[in-house]
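Chain lettering (A, B, C and D) follows the sequence in which the chains are written, and residue indices restart at 1 in each chain.
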Amino acid sequence: MGMRFGLLGAGRIGTVHAAAVAGTAGAELVAVADAIPKAAEAIAKSHAAEVRSVDAIMNAKDIDAVLITTPTDMHADMIEQAARAGKAIFCEKPIDLSVDRVRRCLDVARAERAALMVGFNRRFDPNFKEVRARITAGVIGEVEMVSITSRDPSPPPATYVARSGGLFRDMTIHDFDMAAFLLGEDPVSVFAAASNLVDPAIGAAGDVDSASLVLTTKSGKIAQISNSRRATYGYDQRIEVHGSKGLVSAENVRATTVEVADANGYRRDPLLSFFMTRYTQAYANEIAAFVEALNAGRPMAPSGEDGLKALLMAEAAVKSLQERRVVEIVY
Amino acid sequence: MGMRFGLLGAGRIGTVHAAAVAGTAGAELVAVADAIPKAAEAIAKSHAAEVRSVDAIMNAKDIDAVLITTPTDMHADMIEQAARAGKAIFCEKPIDLSVDRVRRCLDVARAERAALMVGFNRRFDPNFKEVRARITAGVIGEVEMVSITSRDPSPPPATYVARSGGLFRDMTIHDFDMAAFLLGEDPVSVFAAASNLVDPAIGAAGDVDSASLVLTTKSGKIAQISNSRRATYGYDQRIEVHGSKGLVSAENVRATTVEVADANGYRRDPLLSFFMTRYTQAYANEIAAFVEALNAGRPMAPSGEDGLKALLMAEAAVKSLQERRVVEIVY
Amino acid sequence: MGMRFGLLGAGRIGTVHAAAVAGTAGAELVAVADAIPKAAEAIAKSHAAEVRSVDAIMNAKDIDAVLITTPTDMHADMIEQAARAGKAIFCEKPIDLSVDRVRRCLDVARAERAALMVGFNRRFDPNFKEVRARITAGVIGEVEMVSITSRDPSPPPATYVARSGGLFRDMTIHDFDMAAFLLGEDPVSVFAAASNLVDPAIGAAGDVDSASLVLTTKSGKIAQISNSRRATYGYDQRIEVHGSKGLVSAENVRATTVEVADANGYRRDPLLSFFMTRYTQAYANEIAAFVEALNAGRPMAPSGEDGLKALLMAEAAVKSLQERRVVEIVY
Amino acid sequence: MGMRFGLLGAGRIGTVHAAAVAGTAGAELVAVADAIPKAAEAIAKSHAAEVRSVDAIMNAKDIDAVLITTPTDMHADMIEQAARAGKAIFCEKPIDLSVDRVRRCLDVARAERAALMVGFNRRFDPNFKEVRARITAGVIGEVEMVSITSRDPSPPPATYVARSGGLFRDMTIHDFDMAAFLLGEDPVSVFAAASNLVDPAIGAAGDVDSASLVLTTKSGKIAQISNSRRATYGYDQRIEVHGSKGLVSAENVRATTVEVADANGYRRDPLLSFFMTRYTQAYANEIAAFVEALNAGRPMAPSGEDGLKALLMAEAAVKSLQERRVVEIVY
């Protein structure tokens, strides 16, 4: 019998993970919970699963693992409850916007020896994964500099911005994790420059929308991140890693290889503009990796600690922006 | 209730189509037949279907459509049987290697008003489909010249070659269909030049492995096809269409966007080297299109007649090679 | 003292070659002749050369080599005169539109042991030259198939078409030479399909403007050529050579590497649309190669014989189009 | 009569500029001076110029403009002398490594109303120039973020490093100027992170070799620069400018468009690895622009002030690295 999942949170991302479970050999979606019954029912119906309450899922004997895809402020409580109930846990990022809350949550998970994976899906993108594989294989020698370009197609509504924790905790957090993943060494300092150039509503909400960040490691490796809340040409997601022996890069992913040439030039389509389409394969690989690690008894990666690290980088970046200086990152 | 399928032939390509049915909303695999029970059982088990005999599937009330993926020499008989049994029919290409047999088979299908699609999967490749969509949208004006590059990664075993019908009927047949699909007008003449350069065993089997073909239409449009049974860099599948207003092309599809640069230069991986991996999406789209056309009561495309046309082009190409001249294609 | 040149013909291409001489170390333009004095004067002034008559240049003691860039119908006579005068000769392609005339002219040149280079400039394009160098170095193993895409940006005036000798003798002749250059073996047969799709005036002048040709060699190598008199996206000049070990290709050359991405997609400029801009470097390299071969006493390449070969291929292509069959090329 | 040049300094870069003058219509090299007579003679001979002393050139009536390509520590004195002598001045970057010295020098130039251009050649690279032209044309809307990747193929000798002024004054200074050029607004703050990763000898000489810098303007625009003293794949020179309406970028320039595909993948050559080859066209355009501005009576760009600005950015970057904080740039 395969691994049986309960889904907590039947929103957009919950739907994605439910499909990923359905597409993973040796995994099965058993139950779905959501405050909005219709949402839970829709997913349950698609995958021949049941609608249950959160508590019922947590306590169910026929469920091995939970997928936490509720709003962020419920993540930490749910992780703790699931850990205590002996479930394996996959939780969307971030664990919480408060570092203290995350630390306490991880203490519980650790005490319960819970298997916990945090949803930094980009690590599982076939392109970025392959970049990391090349690094590990020694193809570029020693990593020296990482460059991440990460731009959303269009700014989120101001209401979202207000409760998002700000650009660094909400969006850059993926890039912080990717930087650590590619550097192969934890960043120990961060510098952030940022502006409100894209949407005045974001500035009015006290946030920035355009940023450039520099991270350094103890051994002197450097990562730079370029963020924007808007890219007219689509969802811009690229990485480059420069090493002592060479450079490895992953370009943007395109829907087709079609190009049209005429009197106006050579033209390819804009990029995919939706993160779920861009990272479809990453979401599928992520759940497969979760199942595989669990079956093999291997430690989870990215772990809860990786989630904490990325949040600590975000905290330090916020401070750097305020104080206009390098801020040390203490883990 | 969705469309219920019976699969006739549980080999490699049958497995692909079974998975495509399973992944298509509103479609369901009910039964599988194969001369080798184990093969049928394997697919049946994966998709919660039953193993039945061919006749049982043909006569089943709970089956709406059959997928014919048996060896080629059984295709025509099965199409006729299925047509008489009132099933909708999806048949792998080619219908038969004999033009006469194909004509008789299509007569039966027509008499029974059977819905019949032939598996020219490349029409459903997202890239090639988009090329055609651009043409239809008028982006390049009038089509003037089509260029198809189609090379297999490595030659088939000589035993396969012997019963394949030869390069033009076995491999180029896909390109003949693609040429007609992109020209938007049936080719009326063909010229073929070909050699045995890749593998002496192919020559010993009386076949060629490297070819260049030119097709023309009544209005003067031209298509050229470049074939090889071997491409060291992978499965090379490209098209270009040159029109009065511009050029539209589809480049090869790659597994990742990763590139490594070092003292030896900039290097990307070889192409995918397996047709099933290269055309995964095409196979899925093909079944979805079959289901959609059937539900909508729309004519099938590619139809049985399209299958016949491609075979007639292949016949003419064989004659052209023998007689070293242009051969008219009479439909 | 360097090599001293006399230029015969001060038109557009004469201007290009005069500049190439000026830019070549060890070469110097001494005199210019043209039926239109102003044209000769303009070039002479730019390069501190003198205006002289054709005969004066032919008989001059201070001139080592002549560049023949007059209208085509004067080429053969001038080659003969220059050969008899003991000059080294660079002549623009074609030597003549009549095979007989070319043969007689080459007889004279041979008898006089004249050094004679024919202006197939594309062999000297840095990209195409490098493709050939890779082939020679064995990078792709045995050459099997050559693909040449060669399209002009826009059709010539009908008046030009009338006296051009037709598409194959005028435009494809470059591709015939390139095919032989890349195949490394003389083509022994040609097949041509062609239509009048671009400009009715070309058809009215008895010519075609869109063509696909297939050449084969004795050992079974195949070359295909795609021609059009119009490409809305610029001067399309690409080659691909497929061999037993791999593929080597040269893409179009672009004015800049600039790309713009916005809501309409990713866009690069159209190609250069003028042959002199596209092949600037080729024209310079060509003269340098001429000087170098002369100084080293090496045979000229492309030679007068190469000029004849390409013309013979064109003749055979004309016949193939008329007779709708493969035509043998006899050298 | 054209513009007559005197060249002061007959080293490597002097040779480049002498050739650029020779290739510029309406410009002529009249005299060359160098402490090493042989060096001066070599250039003089190539261009039919005379060897003279520095003072003779400065005071010559037949010289309109001087090219200062001596070692850096002589630049400022020579600018002043030339300005007082009424010559137009083209000076290689930097004017001096001391900000004070530069300021005094510019005071003299200003007082003498001398035309002074500083050799930030990259502004004249056809690709980067075109990027700027697109920005000016409004193609990408408001500039928001500039990304510059600038990496040398291999580290300079430690002896050079010692007297170079350090990475920021020696190498990044080009990128500072490019950032200002593309931002269209002077940077007001800089942050620099840097390490010694490439060559321990550089660290021993007190310098860094790998750096990431962030510049911001008053209106909130951001530029990031990635530098390394070594790139195994060649001289890496790329820019990207992200704006409110789109992105414009210039990729690296390659020697050819040749690509080889085989079982190891698709491979293009490494980049050009020598700055003079990479920027040949930029050096030519630069001198042409100098002559053109002088003839038209237009202000010089890049001006002496632009030279000062870039140096001030470098100074601030040095301070930022030392103090680990953002440093304001005061002009």
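By our rule, contacts are C-beta pairs under 8 Å (C-beta built on N, C-alpha and C of every residue); 3 or more make two chains touch, one makes a residue touch a chain.
Computed from a prediction, not measured in an experiment: that's the story for all the values here.
Chain pairs A-B and A-D differ in how many C-beta pairs are in contact, and the one with more is A-D. Over half of the residue numbers at the interface between copies chain C and chain D are found on both sides, making the touching surfaces mostly the same. With every chain reduced to the mean of its CA atoms, the largest distance from chain B is reached by D. In whole angstrom, the spacing between the mean C-alpha positions of chain A and chain C is 58. The distance from the centre of chain A to the centre of chain D, each centre being the mean of the chain's C-alpha atoms, comes to 42 Å. The set of chain C residues touching two or more other chains comprises 232-233, 245-247, 261-263. Residues of chain D that touch chain C in their complex: 126-127, 130-131, 134, 139-140, 245-253, 255-263.
Residues 142, 144-145, 147, 149, 151, 189, 191, 193-198, 210-212, 214, 216, 220-224, 226, 228, 230-233, 236, 242, 244-247, 324-326 of chain B touch chain C in their complex. Looking at the complex, you find that chain B touches chain D at residues 232-233, 261-270.
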